[in-house]
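The structure's right below; bear with me while I get my questions together.
Per-chain residue numbering starts at 1, and chain names A, B, C and D are given in the order in which the chains are listed.
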Amino acid sequence: MSEDTTKAPEAEQLVRPSVPALDKVLGVKFDVLDDGFVRLVDYMGSDAAIVQAARVSYGKGTKKTSQDRGLIRYLLRHRHTTPFEMCEIKLHVRVPMDCWRQWIRHRTANVNEYSTRYSIAIDAAQQTEPSQWRRQAPGNKQGSKGFIDPGDGELLSKREREIQDASREVYQERLDAGVSREQARKDLPLATYTEAYWKIDLHNLLHFLSLRMDDHAQMEIREYAKLIGYEIVSQWCPIVWEAFLDYNMEKLVLSRLEIDIVGAIGRGDKQRAIEMATGFGWLKRGEKGLLRHRERNEFEQKLKQLNLPIPWKE
Amino acid sequence: MSEDTTKAPEAEQLVRPSVPALDKVLGVKFDVLDDGFVRLVDYMGSDAAIVQAARVSYGKGTKKTSQDRGLIRYLLRHRHTTPFEMCEIKLHVRVPMDCWRQWIRHRTANVNEYSTRYSIAIDAAQQTEPSQWRRQAPGNKQGSKGFIDPGDGELLSKREREIQDASREVYQERLDAGVSREQARKDLPLATYTEAYWKIDLHNLLHFLSLRMDDHAQMEIREYAKLIGYEIVSQWCPIVWEAFLDYNMEKLVLSRLEIDIVGAIGRGDKQRAIEMATGFGWLKRGEKGLLRHRERNEFEQKLKQLNLPIPWKE
Amino acid sequence: MSEDTTKAPEAEQLVRPSVPALDKVLGVKFDVLDDGFVRLVDYMGSDAAIVQAARVSYGKGTKKTSQDRGLIRYLLRHRHTTPFEMCEIKLHVRVPMDCWRQWIRHRTANVNEYSTRYSIAIDAAQQTEPSQWRRQAPGNKQGSKGFIDPGDGELLSKREREIQDASREVYQERLDAGVSREQARKDLPLATYTEAYWKIDLHNLLHFLSLRMDDHAQMEIREYAKLIGYEIVSQWCPIVWEAFLDYNMEKLVLSRLEIDIVGAIGRGDKQRAIEMATGFGWLKRGEKGLLRHRERNEFEQKLKQLNLPIPWKE
Amino acid sequence: MSEDTTKAPEAEQLVRPSVPALDKVLGVKFDVLDDGFVRLVDYMGSDAAIVQAARVSYGKGTKKTSQDRGLIRYLLRHRHTTPFEMCEIKLHVRVPMDCWRQWIRHRTANVNEYSTRYSIAIDAAQQTEPSQWRRQAPGNKQGSKGFIDPGDGELLSKREREIQDASREVYQERLDAGVSREQARKDLPLATYTEAYWKIDLHNLLHFLSLRMDDHAQMEIREYAKLIGYEIVSQWCPIVWEAFLDYNMEKLVLSRLEIDIVGAIGRGDKQRAIEMATGFGWLKRGEKGLLRHRERNEFEQKLKQLNLPIPWKE
C-alpha cells in the first residue's frame, strides 16, 4: 500500500451504534456530595458491542435478544472479561482531592485533571453538615460507624469553615505576593474540589465499582460509585448491569475451609463441623466464651445469609 | 444517594460528538495483503475532544480552530500525552497469525481474537507471490532487502502452496478423527489468518504507528500500520495526524554526542569535530580505511539530511 | 539537590532479602511437555515483603510469624491486592508458539521473546504421543474430553511428524535460497517452540495461575501453570500459596440467585426453592424431562459439593 | 505434571545476581526537601540482566563487557525498550501529598501508600524557607521563575507555619471528638507528608525520570527524580544511566519543519530558510519587530546549541 492509495471500499457501511437512553443524559450533571458532580461526556459500545466482540462477528447476524442476555451473563459469570473491555465511557467529574486520591489509584483509566499549576485552584472545598460527622468504627480500624452527636457536630462544622476560609486566605495572600501557583497551593486543604475527565473501559469500570460501591469503601467515593453504577451504567448496558449485580456485587464466596464446614452441616454432621472449625483455630475460648475471630465472624454472617445453622451456637 | 433516586438533571445536554468523514467509512473493509483487512467498527472523540480534555473545559467555550491547532501541536511536541488518551478507536482486523504475534505485543490495547479452540480455524493462509520473496539483509540481522529472483520465486511459491495445503489436510484429518479443535490446530502454519477486534486509545495508537510504520518494522505489519494511519487516523483527527508526522514520524534526534559534533561543525571547527568523533571511538581505521561503525553511519545519514558536511570525509 | 551532591546517608543499612528454598532452584530447568521448560532466573520479595508493604513499615519491627500469616490471609481474602504486587519473579520459559499465543494475552507482564526475525527458528516442535490425542468435548465447544483410541492415534502422530518435517524442510529451502528469516518462518507450524524471559509481579501471577490452572484452560498451558504454582510459587511465598489455594483456587462462588435458593433450602422450604428456580428459567421441561440448562447444572454441582439437596431431584 | 511430582532438576544452578555498589546503600535514607526521603528497599537485575534478556541467552556465554555496553546503547538509542523492563526497583519514599499527586500519575508502578484511613496522619508538613518562595513565571503559565524577596518571604513562611499548625489542631480536635480518621483528615494541608513503597521497572522508571528531571517539572518532584537518578540508578545500572543521559535526557529533537530549515542553512540558503519559516507562520511582525512565537523560540534555542546561525537575525 502506498500512502496516496485511494481505496474503493466495499459497501457494507455501518451506522455508529448508540444508546438512546444514554444520549438523553449526555452532558447532564448529576450532583454528588455538597458541590461535586458526575457528567457523562461520551461513550462507545453497549450490550450489543459485547456480544459482537464475543462472537467476533461481522456486525450482521445478531441472534435473538434473549440469547444475547444469556451470553452476557455467561461471560460475566465465567470471567471472560475481554469482551467487556470493548465498551468505553468518558466522564467529567468534580471530586474533593481527598476522594480523588483514592479514585486515581485505579491505574487502568485515562485521566486529565484540572491543573492547579496552570490555573487558580477551584474555590470550593467539601463541607460537612453538623449531623454528618462519622464516628471511628471500634472494630474496623479503617472504617466509620454511626455519627457524632449533632450538637458536637455544630462546633466541628464551624471549625471546618474557619480552617477552610483561613487556608484559602493564605492561598490568596501568596498569589497576591506573586508566588507561583504551583507553590501557593501547597497548604490548600485536601477537601478542595478538583475536576477531571476520566475515561475507562467497562470491564475496569465494573472492577472499580465492585470495590468502591462496597460497604468497606469510604462513604464519599461510594456516593460517586453508586451514582455511576445506578444512574449511568444501568442505562448504558442494562443486561451487563443486571448480571454484574447478580454475579458480582451480590455474590457470596465460600473458601475451601468454609466449603468443608458447610459440607459437614449439609450432611448433618455438626460434630465434624465443629472439629474442623477448631482445627482452623476459629473456636478459641477465653473467660467469656468464644474469643473474637474475624474469619469466623465473616463465616457466621454467610451462614445466616444462607439460613444454615451455626454449629457452635445453640 | 439511594439507589432509586430520580435525578432532575440540569439542562445542558450535549449531542454526542462525531466525525462525518469517519462515519463514511464505518464498517468498510480496507484490504491489506492478499486476504487481510482493517475495518473501522466504532470510535470516540476527535481533535476537539483532545482540546476539550486539555482545557478540562465544560464543552462550551471552544476557541477558534486556529488556536485548537496550535494547542494540539504544542501538546504533541511537548509530550503532554494524556489528552490524546481521550480518543478511542475500535477496529476489526484480519491478519496472519505471524503478523498478529507482533501486533499483540502492544499491551495497552483491548483485544478479542477469533478462537480456534471454539471454532474451526479460518481456511486461509497468507500466500506470497513469486516476485515478493524478500532477501535477508546483509547488514541488518533482523531485516530484509530486495527480492529473490522471480524465477526462483516460482518454486518457493509453489512449495508454499503445497505445504499450506498439506497442513490444512492434516488439520482436517484430525477434526474428522474427532480430535479437539484446541489440539488439531497445533500444526497450522503461522501464516494462517486470524481475526480480532482491537480497541486502543489514540496516544497508544500513535505509539504503535510510530514503531510499526517505521522502516525497521516487518513489511507485513507495516502495511497494516500505514493503512490505519493514512486512511483512518488522518480522517479521524486530521490536526493530530499532521502534528504526528511533523513532530514524531519525521523528526530527527541528535544525541548528546552528536550535538557536540554538530556544534563544532557549526562554528567551523572541523578539527575539533574529528577529535570528538575519535574520542567516541567512531573513527577506527582498518586496512581499507574507516571501519564500519553503526552509530557513526547513523550520524552521517543525519548530517546528509541536514546538508551539513561530514568532517572526516574530504 | 545538585547533581554532584555527596550524601552522608544515615546508617540503617539492610541486607537484601532472599528465600533460601528458592535460591536452590535458581537457574534449574523444570521440564514441561516433550521439550519445554520453566526456569527461575531471578525474584524479588517474599511473604515478608508483602507484610512489610502492607504495614508500610521501616523494615524493623516485624511482628510474630503467626500474625504475618493472619495478615496475608486477610489481605488475600479481602482483595487488598497491592501488597502482592511488591513481589516480582522472572522466568525463562520454552513453550510451543500455540501455547505462547494464549500466555501472552496476559498483558501485565514484561516479556522478551526469542526473535525468529533475528535468529533461525528453534528446531523443535511439540509432538503428540499416539495416546495423547484428545477428543472434542461434546458439551463444551472449547474443551476436550477423553482420548482418541491409541490405534487411531498412531496414524495421527505419524502424520504429525510428516507435516512437521515437511514444514521444516520448506523453511530450510527458503533460508538456503536467501529468503529473509522474517519471511521464511511464515509457514512454520504453531507447535514450533519459542523461548522467552517472562517477568511478572505476584498479584498478576496469581491471576494468571487462577485462570490457567483452571480445568477450563487448555491442557498444555495448564501444565506450565501448575508447575509454576506448585514448584516455584509454593517455595517462594508459602503463606501466600496456601492462602491462594484456600481463598481463590478452591473457593466456591454463589450468585445472588443461588444464595436465594440455598436460603430456601436452608430453612427447609423446598417448594419455594423450586419456585425460584422456575422463575429464573432453570426448570424448563421437554419430552424427556428437564431440559439442559448450563447455569442450573453449575448450581447442582455446587449443591453436591456442599452436601445440600437438589430440590428438583427426587 | 501431577501436583505432587518431585522433579530431579538438571544441575545448572545460578547464583542470584547482585550489584555490590547498590547493596551498600540498601535501606539507607537519602534526604529530600525538609523532611522527605528516598530509601532503596530491593532491586532485581542490572546492566547484565538487560543484555541477557536481549540475547534471550542461557545466562552462560556472556560476551566482552565492551560489547555489552555497545548493545545497551544500541537498544536505548533504537527504542528497543523491553529488555529494560527486566530490571525492577523498589523504593520507600516520604513525599508531600502535593508532590505525590503528581508522582502517582505514572500508572505503570506498584504502590502501597501509608493509609490515613487506618492510621493517624504523619505529623509533618513540608515547610518553605523565607528565601524559597518562587515567583510565578511570566511567560510559562505553569512554571515558576526566580524567588520572592526574602523580606516578604519571612511573612509568607510565618503564615505558612500558622496555617499548618491550625490545620493540625483542627485534625486533632476531630480525633479527640471521636471522628473517624477517614473523615478527620479532610482538611489537612496538601503539604502533609505521606509515605509509600513504590516499585517500578527500569524502562518505566527512565520514562518517569525523563519527565520529572526535566526543567519543566515542578521543583519538588525534580529533587526526588534527580536523587533517584544520580544516586541510585547511576549505581545500579551505570551503562544504562550513561546511555540514558546521552540519548534521552540530553538529546535534541528536530521536527520536520526544523529539519527543512536547518537543511537550507546547511547549504547556505538563508533566503530559503526565511521563506520556509515565514510559511510556517513563525515570522509575523508587529510594531516592535517579530512577534513572540513559542515554536520559533524553541527552534532558536536549538540553533544556538548547535552553533548554527539564526537566519532572521543578522
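Definition applied: a residue touches a chain if its C-beta (ideal position, glycine included) is under 8 Å from a C-beta of that chain, and two chains touch if they have at least 3 such contacts.
Since we're looking at a predicted model, the values are computed, not measured.
Trainee: Among the chains, which is located farthest from subunit A on the basis of C-alpha centroids?
Mentor: Taking each chain's C-alpha mean as its centre, the farthest from subunit A is B.
Trainee: Counting C-beta pairs in contact, which chain pair has more, A-C or A-D?
Mentor: Between A-D and A-C, contacts are more numerous in A-D.
Trainee: If you average the CA atoms of subunit C and of subunit D, how far apart do the two points sit, in angstrom?
Mentor: Comparing mean C-alpha positions, subunit D is 35 Å from subunit C.
Trainee: Using the average of all C-alpha atoms in each chain as its centre, how far is it in Å between subunit A and subunit D?
Mentor: That gives a centre separation of 31 Å.
Trainee: Nearest whole angstrom, what separates the Cα centre of subunit A from the Cα centre of subunit C?
Mentor: It comes to 27 Å between the two C-alpha centres.
Trainee: Any chance you could list the residues of subunit A touching two or more other chains?
Mentor: Where subunit A meets two or more other chains at a single residue, that happens at 111, 115.
Trainee: Touching residues of subunit D toward subunit A in the complex: what are they?
Mentor: Subunit D reaches subunit A through residues 96-98, 101, 104-105, 107-108, 111, 115, 117-118, 125-126, 128, 133-137, 141-145, 148, 152, 156, 159-160, 162-164, 166-167, 170, 173-174, 177-183, 185-192, 218.
Trainee: Can you list the subunit A residues touching subunit B in their complex?
Mentor: 1, 3, 5, 7, 9-18, 23-32, 41-45, 49, 52-54, 56, 58-59, 82-83, 85-86, 88, 90, 92, 110-115, 195-197, 199, 201, 223, 226-227, 230-231
Trainee: Enumerate the contact residues on subunit C facing subunit A in the complex.
Mentor: Going through subunit C, the ones touching subunit A are 73-74, 77-79, 211, 216, 245-247, 250-257, 259, 262-267, 294-295, 298, 305-308.
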